[in-house]
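Next up: some structures, all given as structure tokens.
Both complexes shown next keep subunit A, but they swap its partner, so subunit B is in the first and subunit C is in the second.
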Partner chain A sequence: MLTNNNSNKMFFLFILFFSTLISISSNSWFGCWIGLEINLLSFIPLISNSKNLLSVETSLKYFLTQSLASINFLFMILIKFSLLKNFNMNNIISIMMNSSLLMKMGSAPFHFWFPNIVEGLSWMNNFMLMTWQKISPMILLSYYFNKNFLIFMIIMNLIIGSLGGLNQTSLRKLLAFSSINNLGWMIFSIMISENLWLFYFLIYSMMIFMMISLFFLMNMYFMNQLFINNMNFFIKLNLLINFLSLGGLPPFMGFMPKWIIINFLLINKFYFLTFIFMMTSLIIIYYYIRIIYSSFMFNYFKMKWVNLLMKNNMSLINLSSFISISSMILSTFIFM
Partner chain B sequence: MSLLKTNVITSVKYLRSFSVLCRKSNQDHHLKKCPILFNTQRWLFWERHRKGGYDTTIKTSNWEHLKNGLVELKHELKLFAKELKELYDMDPLLIARPGEIDLLWCFNSPTVLEKFVTTCDSDHGEGYSSCNLEMSPAGRALFHGYLDTRVPKDGRIKKAGYCAMRSKMQRKSFKRASTFDWHLYNTLVLKVRGDGRAYLLNISTEGYYDITWNDIYHYILYTRGGPYWQVAKIPFSKFVLGSKGRLQDKQTRMRFDKVTHFGISCGDKIVGKFNLEIEYVGLEFDPTHDEEFAYEMYKTDKYIVAV
Partner chain C sequence: MCFNSFFFLFFFMLINFFFFVYFIMNGLSVFFEWEIISFNSMSIVMSILLDWMSLLFMMFVSLISSVVIFYSKSYMNSELNLNRFIILVLMFVFSMVLLIISPNLISILLGWDGLGLISYCLVIYYQNLKSYNAGMLTALSNRIGDVMILMVICWVMNYGSWNYIFYFDFMKNDYVMFIISFMIIIAAMTKSAQIPFSSWLPAAMAAPTPVSALVHSSTLVTAGVYLLIRFNYLLIDMFFFKVLLFLSILTMFMSGISANYEFDLKKIIALSTLSQLGLMMSILSLGFPDIAFFHLLTHAMFKALLFMCAGVIIHMMNDIQDIRYMGGLSLYIPLTSLCLNISNLSLCGIPFLSGFYSKDLILEMVSFNSFNLMVFILFYLSTGLTVFYTFRLIMYVMINDFNLMMIYNLYDEDYIMLNSMFVLLFMSLLSGSFLSWFIFSYPYMIYLPFNLKLMVIYVSILGSILGFMVSNMGIYSLNKLLLSYNLSSFLCLMWFMPNLSTYGLSYIYLNFSQILFKNIDMGWSEIYSGKGIFNILKNYSVFYNIYQMNNFKIYLFSFILWFMILFIFFFI
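Here is the complex of A and B:
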């Protein structure tokens, strides 16, 4: 794409949405694969921006990893059709199919490309990568998963997502590791019920949207920018609320889906898994609080000529803070 | 044509370095005897060698490799322990305060000089310049030598005359290649004492793919001769992209997160001695500098490709 046309973007976005619908509504595994391929095909023009060497490298890396996963998926589908005559859920072919879908999503242990690529994309592209690109692999995962394998993957996701984000200075990589951690929660919610997964996914997308729109408006990509910019108090407060909501702290919005999942876990006596879910959430919240604490307390310099005028855009920030705080309470009114 | 005796290289590689369409000339015997470089022409599809074909490996036997490895093992284990401790501390450098210069290399002892490598055109028989990096009488690094633009008379190259010093590749423990991370900074600071010549500062950002292996960002540093030191603060936005010495049509901003090498070279076509004394090379964050890239890209006609 030589020019940065909105019409080009609209075209590819339309195909992107359509491809996910193809993938999840097909009645054959082959149709699913077709949807995944079209997804890749239409996402690449959105992220490749030839003005910048870093983004060219990033889009090529994305293409290579995703096409490798697609090839794997297609091959496993064909092996399944030709060799297996049963519909057993727990066997080795399902492990291979799940692995290829996990690689598509950026889940551990196939996550090594994910922070790398997220580092090279702009915020809006990151939003697409972290939310929309996860829909079709996850729904395909729900069609044919291997329970024991997935539980092991969930544990790896949680641990890697929490420990990987500890030593990061780039906001994008931080959100990437947080995304990997949340993937663990989402994969488990798939195993419980698809409705629950949809609920978790919608709330997660909303939280990520609020965070990313804040960072996008302030053009912040690294943590030093949190301290340098002369942010007014309400922006910092919004940052606090959104980060804690993403970490799953009550009474913010992000606690709601995690609460339901923990409920299911305890009812079905998955005690060890509950322990890991809790501990890794704590590590993530520790890291978020460290960032927010620094941005509130440290007052490195207030430069007069860098004045972050957010007067026109304050409504979005206020709205997102309001939603994050009050949605738990407001949701109880829905079911009255 | 007189044959030139060049450096003794034990392995002689035979190569036709002229166009495929040329007829076989009777000067073949001359080319075969001359120790020729491996593959330094421009490949169409991909770069085969990271170093552009210059064979710089030192041939050692397997037994010597083993002995060297055992000596290095203790040092590498210590480095690894240090890295683990850093991970455990979880305290990365979050901010670079303005006005503070974080030094990359401070040349006040000979041990720092080992982190650099000097190259010149006479290393591979491509010229007659010489260069050296050592401690000066004032206790700082001195990059000096003699630049000679004479071309060796065996028809392989057209121009000669360069000398360069470059930092060695950053290594993590167990010799894993690593990069510099300069995202906190936006200015390069150098304290030098030159001799009035113009030197080229090169920041090399080898990426992941072979297309960008030769991407080097250049900046010409004009030095003042004279006994006084000069502090040069150069923002990264002023660096210009070049590949294999040729400035690219499509200019982009330098990437700060994965910088591989830093180097200084002298190639200003003036025959004679050169001396550059360096006290330190450092980085600074200048919040008042908000230029992203100094060179504009104009909208070109559609028949001009790759821009």
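Here is the complex of A and C:
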């Protein structure tokens, strides 16, 4: 495409939304596959910008992995129809189908493309990638999953998400690994019920939106950019609250979905899995706090020659802080 | 703030006085009770017992505290935060009043703990190292008593309420009462600094002098005696009372000896307080609670006066407390030396001052009833020692030559301090006879042979002569202290008991905890949980990054590899 203006983006965005809806509301596996393909096809123009070599390369990588996954998915569907007569009692096919869907999502062990691609995209595209693109593979996963396999995948997700992020300085890669970690939580919630997954996913996407919009407004891509500008107090506070909320610290908003999922874990007697969930959560919180701790101590590191001005749309920041802090308490009023 | 609290406390004292006279003349006693909460079988009530004993004690406490607050307006006038000091003193008085009027163990605990805590705050008021150490010693020794009272509260729950005064007649021979009496005695011993716990009282002289006058002479240390007076009906036939007799007599004796070796003015007065406390405790454990109460009150008067005079002298000597630098002060500060002399002589038991009535009564009761030879000897010996160190003090401070500097200005005309001392002077002259006429509605029957009656005077004269002789030190006099160094240091340092209760108790644990800290906190637990885990995770992350930073075709290939692995793995 020659120009990359907003009307093109709107068009492809519309098709992107529509494709997810096709995928999740079809009553045949073919429909699902069609939706996935249209998803891929409409996302590529959104992320590729022919003026920038990095984004071209990123979109190419994205195309390759996703198409590999789609091909795999189609193949397994066909095998399931033709050779095994659509019985539901076969293990192998469910494993293969789940693997391909996991590759679509960017879950371990097929996640190697995910941090790379996230590094090459802008913040808003990242937001799309991390939230919307996960919907249809998740729901398709819920139609036909293999419990043991998925538990193994969950554990791998959690561990890789936490350990991989320890050594990163790029904020995008950090959020990518955190996204992989949260995928572990989400896959488990899919195994319990779709409603639960929806709850977790909504809150997760809200938190990610707040963070990404903050970084987008400040145009920050790397960790050292957090320290060399002169943020005013509300931005720092918002950053603090959102990171802690993402890490799942009470009383912020992000604690609620994790709490409920741990509740279900313990009801279903997944004790060791609970342990792994919690320990990896701690590692994640460690590297969140490592990002923000110096900015909210009394003597913080502050360079005075770069001054971050308050922009016009800072009301969004205040609103998002308010939501993060008060959601847990206010949510009790909803269910009254 | 000073004047307000002074007037308030003085007015309170007058109210208490009038009520006391009314109550003791009519034999009344009033009991207020307010039930706070009642659950299952225990009920927490807040009760107030007003009988003549508590009213009299409250009157004395409020008199001394009002005078001390007035005194501290001038003594502590260079203190920036004088309001804080006054508030602490007022809180102390409040805790003491709570202790006095309560027939109920929970409010006794509140008063008792309040006393311990606020005396800690007051001892560390000058924030230097010595005050900190002294405060820690004070607070922790008092804490033992607090723990004992807490346990008594726990044990008394067997009886259904915490109003102990109702249970004395009925439950005397019960096993539970046995344990309760043991704990109460230990609590009183910690508060009144008897032998195992006596190291805090000389150390607490690091407090400002008004604090010493109020707290360490008359109120805090007598709280233990007061508690035992209240519990007296319970404790009379118990074995522990005899143990208490033994320990308090030894306290009396030991502090009398140690005061003779001391050269710090406030420490001498502290040790004399300790000696008189031993006297009070011993006469209490011999079975005479009212005489103990009488001596408590008269002692409060002259001891507070003595401390206040000491404060004036210390101010004049440019904050030097060592008596070797003082001398001949009677020539220069007549009014202060008047108060000092009268309170000292009252302490010795010179006839017809206030101390005479109580001390002489005690000694005559000891001689009249048939007690142990050791009890008898130690009582009279301690009386002689009291006179000994008193006269030594008077010789050093008042009579011998002035030792400080060539040019001096001894300022006696601070009428704020002097007026407050005059009030106590008036009381310490008259309170002996006044109290004996009120408290003892009929005199005790005492019938003694002539020499035994005069035994007090004999030991007093002997003590005064010895005091005179000991204080004749000049440039060329031989310091015999060094010839008997071991014995002298044993007697001087309070028979080494402070070392036992401070260094002896804490050294092993501190040493052990240093070993633990170095080896575990800063050693192994760093490897196994602190930095060690971080290093492990970091290495894992570095290891993972090697896989992450690769070519894209490696990723694609790894996907296929993973497919095959998972296929095989889960197929089986």
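Heads up, the rule we're going with is that the second predicted complex is superposed on the first by the 319 of 336 C-alpha atoms of A that agree within 3 Å, B and C clash if a C-alpha of one lies under 4 Å from a C-alpha of the other, contacts with A are read in each partner's own complex, and residues count from 1 in each chain.
Everything below uses one rule, namely that a contact is a pair of C-beta atoms (placed from the backbone, for glycine too) under 8 Å apart; a residue touches a chain by one contact, two chains touch by 3 or more.
Bear in mind the structure is a predicted one, so any value in this text is a computation, not a measurement.
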item: Which superposed partner A:L54 touches (first subunit B, second subunit C, both, neither); value: first
item: Touched partner set for A:I289, first subunit B, second subunit C, both or neither; value: neither
item: Which of subunit B and subunit C A:E119 touches, first, second, both or neither; value: first
item: Partner chain(s) touched by A:M223 [first = subunit B, second = subunit C, both, neither]; value: first
item: Partner chain(s) touched by A:L166 [first = subunit B, second = subunit C, both, neither]; value: both
item: Subunit B versus subunit C as contact partner of A:L68, first or second or both or neither; value: second
item: Where subunit A meets both subunit C and subunit B, residue numbers; value: 61, 166-167
item: Subunit A - residues contacting subunit C, complex; value: 61, 64-65, 68, 72, 91-92, 95-96, 99, 103, 109-110, 112-113, 115-116, 146, 148-149, 160, 163-167, 283
item: Subunit B contact footprint on subunit A (complex, rising order); value: 51-54, 57, 60-61, 119, 166-170, 222-224, 227-228, 294, 300-301, 303, 305-306
item: Subunit C to subunit A touching residues, read off their complex; value: 537-538, 540-542, 544-545, 547-548, 550, 552, 554-556, 558-559, 562-563, 566-567, 570-571
item: Residues on subunit B engaged by subunit A in the complex (per definition of touch); value: 87, 90, 92-98, 183-184, 205, 207-209, 212, 215, 252-253, 255, 257, 285, 287-288, 297
